[in-house]
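Below are two complexes that have subunit A in common, paired first with subunit B and then with subunit C.
Moving on to the complex of A and B:
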């Protein structure tokens, strides 16, 4: 018999004692116990979102001012005439490269002569004429070089005075801000008149023109009479040298034109600041001349190491995943799975030690082994290089790739496998034609996440990559992979501790961090998208 | 379906020692004293059965009675499960023991195809699904593959429905079409025996009717063994029926006899729907 609660509600509004559904609850800060728990768990869950947002925000805040500072830096570079000097310096550097080409020919000649059994003294005698020629060729640049070093001093002087002045201005502002008027007055700010100062540099243009004409004449004369080498095989290389010189000479008029029209007041755009970073091939800091923040050498280094790591880790990780999931006996599974997963537990700094102490040494010894000399890039002498770091990073990527790829393979419905067997397919045919294709998108996303892991790894690359900030010489082909490189992660870890907070270098490192952040974001996004697609296609 | 209302008192519990194929058809599969284990658990007890060539045989019985296990023993699909073993007896197809030492289970499965309970086309095109069995045998000729695709799809009564979209995914077909695609895929390799493990249990009545119709057509060429939970289905499409209970073969005979005049009271109880 249900209680007559309508009657109870009607007379007083108080709940009927029979239909007692209301209950006093303990409240914490106005929340019931259930709500408190809900808030607690919800808070935990949202912490991740908040932290991600904060990280993004601060990376942007610290990094965003870089492009402005870089623009200022580039403007000073132009205003103080450093750019003008660098245009002429480029000419000198090109000449140095050509001289090196001559030396290279000589080295080859000596090697050839030694092979023929000629002793050192005799070889030197036979090459005397060539050496004489090389020396004369090398000397042709001397006047240009003199002018460059002169101008370098002038430009540096302008830049130093300008920077000092800027510092004074800042100091003065600070004094004024803290109300120390007398100290502020004491600082004398002498604004530089760049258009007047620059005359000391651009005024040398007639002198340059004259020097340049003489230099061009000397070069023409030099290539008119090429020396005869005692090794006839190398003669075509001398012809090539002449060709290179002709090309070099052809650049002279444009250069002169460039100098003539050069204007220290030409505006520096945002795009220039941006491209100097994104496409800049120099990462040059704390230089007396000009700092350059170009990410390309670091990016290329990261990319090369990742390529090596994936080249090794993808077959290992995916192969192991296929084996463990499809072929291995339960005992083997029990051994292999924990072993691979344990690798990811090794601290990367320990792996770095292993790389320095064992792997780097061992790989170099291997490369110097006679029987392997056919391998491109072997033998090499740098113990720490992209290859060493890449091999170690492969070790770090394998657990990620293995675990995720195994998951993907495991998710292939058993029905596919049974159907394949029922049609008379062997185990290998089933794996290759059915299971791997069905799991392919999962495997691809595993590889992408492995790549993300490798790109973000810092300690190993810092310890083992060799840390030379330069784009490896790709003209020698695959040898580039055994050259030392530096990475985006490595440079941040290495330089962040030494930079002035808020300075351009500091900001540049943050922008590198931003680039890394976006690469990670992109890789994860792609991986998730691919996996989602895969789920739909199976379901 | 007409079944006797009550068990005649004269019937005794009598497991036939050997059930033989009726009306003189040639015997294809001989199962003798067959014991099968999952690990330590015995799943099949002393099965003796003779199955005739070019006939449809239905395996019926309640869940867990061993009918699917026996079916999967016929093409050694149970080999894929760890810990299974044949402890006694043998299965011969055309006189050859399929658990014999020199038997290659891959070759066996080319001759004994299988259609599963849940349709399982590969995540490939219809064309690739059909040609898979031939491609793994190394057939490359485009003309031959095309011919087999058409023949198999016609054989599975699917050609008219899919001929314009052979290169679309097999997963885009309806459930009934998918199951017929699986049948087409099986007949493409021209096996002698087709094992069907509850092929219609996931299908609606119309799709079921189409598959049953197809079974009638297929038995002209193939020996078919079908496991089913549906008594009506067994009655409709099989020539002979075997009733299993608790891992044992209880009764085997012409389908008409099993349903209209069962010798065993358990069979009678099952087919009349009193248990199972």
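Moving on to the complex of A and C:
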């Protein structure tokens, strides 16, 4: 707070006429020298506000057109019939998943047989019936697969011609704009009649129906006669396989209905473009078929790594804060506090390099250690994964959490502690029952700010997270934590250098930046709110 | 019971320290071999040089020659090859065949990166200090508590939480594209300066507030104007505090990679920054920078014994610089706290 006499001080600029020291005052835009300085400093104070506004503005400026472009892309996807093909393709992919289920059973059976001391040739002989069955089951999809690949070519062709045409249009516009009429005339724009082109795709519906009916029959026949496994323990899994197939078959009528009613002229709304980004589960770029910009895989990756980092950093950071503030001797305090501050100065890129060069291998070696095989997810084979990145990020979050939590504990009024002691509580009781609850709001906000730090960290995740763009397979439970992931910060850093300026991919990255920006603001806001709401009034 | 719980807390604390210093130790031990192994004697003053610190990055060639395994940097390798070929031709033998494995950036040194980092830090800290100190002077000397000040403080607090990659995107969108500065020193300076602004403002304000009220009151009572008071009675006493706390900002600026990735850093550049035709070109050129170089050598080239040297060496030099800055900040601040007691 400035001293209270500022008001009086301001008056010194205009001496009263009694003293009559007449001096021509330099004035800038009607302000005295002192006022000018004040305005100058005030303007500088405003810089922080301006920068925040500029960040918002420029992220929006580059990113906002994304949703329009994404809408166009989705519209083409529908107009050119790619969507239609994908509906059938989904059916094929579901079948592939079921085949994989069969393979999984076989793998388990082989493991089991080997454990029983059966050699490979014998195991193969015993599983021959099953293999035969699996092969027959796998073959049932062949007609559908043939149709899909046929349609894929047709749809790709339509899309390519459409895109070429669009490019011609743009080129023509550019020629016209720069006054080169002859060149513009030379470009022949052939507008595509989608409703006619699409017949090549939708026209196959009767054929599809025929194929589908036969396919359904084949499937039903296949699940009617399940083979008998040489390993009785696995038989329930086959029953489950039959169940899954029934569920799969039940989706057929809806799919047929979907295809029948499918219309390539159905409008693509803004909301669709928006939901494809916010809830889209695919981030797929530079693909020959269709590009998808769904943030979910990246968001989940960021979240998972942050969870790992906080899982490690919160106990360590808060524990250290309690120790340093309440338990440690003054000499220890003098040593530990600067040391942790020093750790916070280690640049993140150096930590990332350490992860690649040392920690990745070390953790993998640790996971393959026999004595630790009870840990879920161990042993694993990917050197760079969410766990590696999370461990390093913990080291980044610890100093933040430690410093802020220590501050919060330090701010607990001394009287609380003394009163507790006076009532006969032990040091332990005082810490657990009095100090920590009193400082809890500060600790929570410290954790939130640590989370913000971790979410926004780029270099460590870019180098160590494995950079695989896919939602981790959570069906395996907690072992998903050792899978490679990609993150929001990582994707910006990785792809920004390679994209075409102004393209949809480029804009998508800016929108990801916007999301990050708002997450950071939200976390900051929450942290402040918590501190203010639950602050203990002293006295 | 109480003792054992305290031990758990103690363990947590020391675990942090061990983790931090094992990272530090690994890089120091492995990296110092590269740096200190690169000393060479020369014939001119000061009679030694360190090739790792004073040369530009080169490709490393590993090959076998006359049954002997040799490693050479790009220039040395070419000269060697020419010499050997000429010698062989002179002796009337067929030219020797060279089959070399090459590893980019793995020979030579990191001089351009050091220069680039220093330039980035100096430029951005100058901007940040000018803006930040003025801002702090307003907040602590002029402003009265009100909606405006609260708004400004909120903005500063939020700015501090913005991820560095978002600053990078912003700098790219505003300076590189909108202002059309391209990938340049100037764009990097402003991006980094804005990033570090909250640190500088907070540090400066703290230092200004540490100057006792009496100093201002005395000056004002003698008839000095507000500005005269600040200039002669507040700033001189706050300056050491401002500078030492701002050193932490320097460590942050030097250590960040994400903001300069798209705004100022080049993967490789042959010319040194002062090698420009006109002065204005100086500001609009990209530079190599240590953090970005670490990123490049650790992600874009394979990990093996030949590349590990330059990786660890670069990381060691970089960590050394940053640690030195941070340590001096911590030490100076502790000293200062002891010196000024009003």
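FYI, the second predicted complex is superposed on the first by the 495 of 539 C-alpha atoms of A that agree within 3 Å, B and C clash if a C-alpha of one lies under 4 Å from a C-alpha of the other, contacts with A are read in each partner's own complex, and residues count from 1 in each chain.
The rule is simple: a residue touches a chain if its C-beta (ideal position, glycine included) is under 8 Å from a C-beta of that chain, and two chains touch if they have at least 3 such contacts.
These figures come from a predicted structure and were not determined experimentally.
Based on the superposed arrangement around subunit A, label subunit B with subunit C as either clash or fit.
Subunit B/subunit C on subunit A - fit side by side.
Who does A:420 touch here: subunit B (first), subunit C (second), both, or neither?
Once the two structures are laid over each other on A, A:420 reaches subunit B alone.
Check whether A:323 is in contact with subunit B, with subunit C, with both or with neither, and answer first, second, both or neither.
second
After the fit on chain A, how big is the angle at subunit A between subunit B and subunit C, using C-alpha centres and going to the nearest 10 degrees?
In the superposed arrangement it comes to 70 degrees.
Once chain A of both complexes is superposed, is A:279 in touch with subunit B (first), subunit C (second), both, or neither?
Neither: A:279 stays clear of subunit B and subunit C.
Between subunit B and subunit C, whom does A:343 touch in the aligned arrangement: first, second, both, or neither?
It touches subunit C, and subunit B stays clear.
Which one hits more subunit A residues, subunit B or subunit C?
In the superposed model, C touches more residues of subunit A.
For A:524, using the defined touch cut-off, is the partner it touches subunit B, subunit C, both, or neither? Pick first, second, both or neither.
second
For A:270, using the defined touch cut-off, is the partner it touches subunit B, subunit C, both, or neither? Pick first, second, both or neither.
neither
Between subunit B (first) and subunit C (second), which, if any, makes contact with A:315: first, second, both or neither?
In the superposed model, A:315 contacts subunit C only, not subunit B.
For A:434, is the partner it touches subunit B (first), subunit C (second), both, or none of the two (neither)?
first
On the overlay, how many Å separate the closest CA atoms of subunit B and subunit C?
Minimum C-alpha separation, subunit B to subunit C: 13 Å.
Of all the subunit A residues, which ones make contact with subunit B and with subunit C?
Correct list for subunit A: 426.
With touch defined as at the start, can you tell me which subunit C residues reach subunit A in the complex?
So the residues of subunit C touching subunit A come out as 1-2, 5-6, 8-10, 12-13, 15-17, 19-21, 23-24, 26-27, 131, 134-135, 137-145, 151-152, 155-170, 172-174, 177-178, 194, 197-198, 201, 213, 216-217, 220, 223-227, 229, 248, 251, 254-258, 261-262, 291, 294-295, 298-299, 303, 308, 311-312, 315, 318-319, 322-323, 325-327, 330, 334.
Using the touch rule from the top, collect the residues of subunit A that touch subunit C in their complex.
For subunit A paired with subunit C, touching residues are 1-3, 5-6, 8-10, 12-13, 33-34, 37-38, 40-42, 44-49, 51-52, 54-55, 58-59, 61-62, 315-317, 319-320, 322-324, 327-328, 336, 338-343, 345-354, 356-358, 395, 398, 402, 426-428, 449, 452, 455-459, 462-463, 489, 492-493, 496-497, 501, 509-510, 513, 516-517, 520-521, 523-525, 528.
If you look only at subunit A, which of its residues touch subunit B in the complex?
330, 413, 415-426, 429, 433-434, 437-438, 537-538
What does subunit B use to touch subunit A in their complex?
75, 77, 80, 82, 106-107, 109-110, 113-114, 116, 118, 120-124, 132-133, 135-137, 171, 182, 185-186, 189
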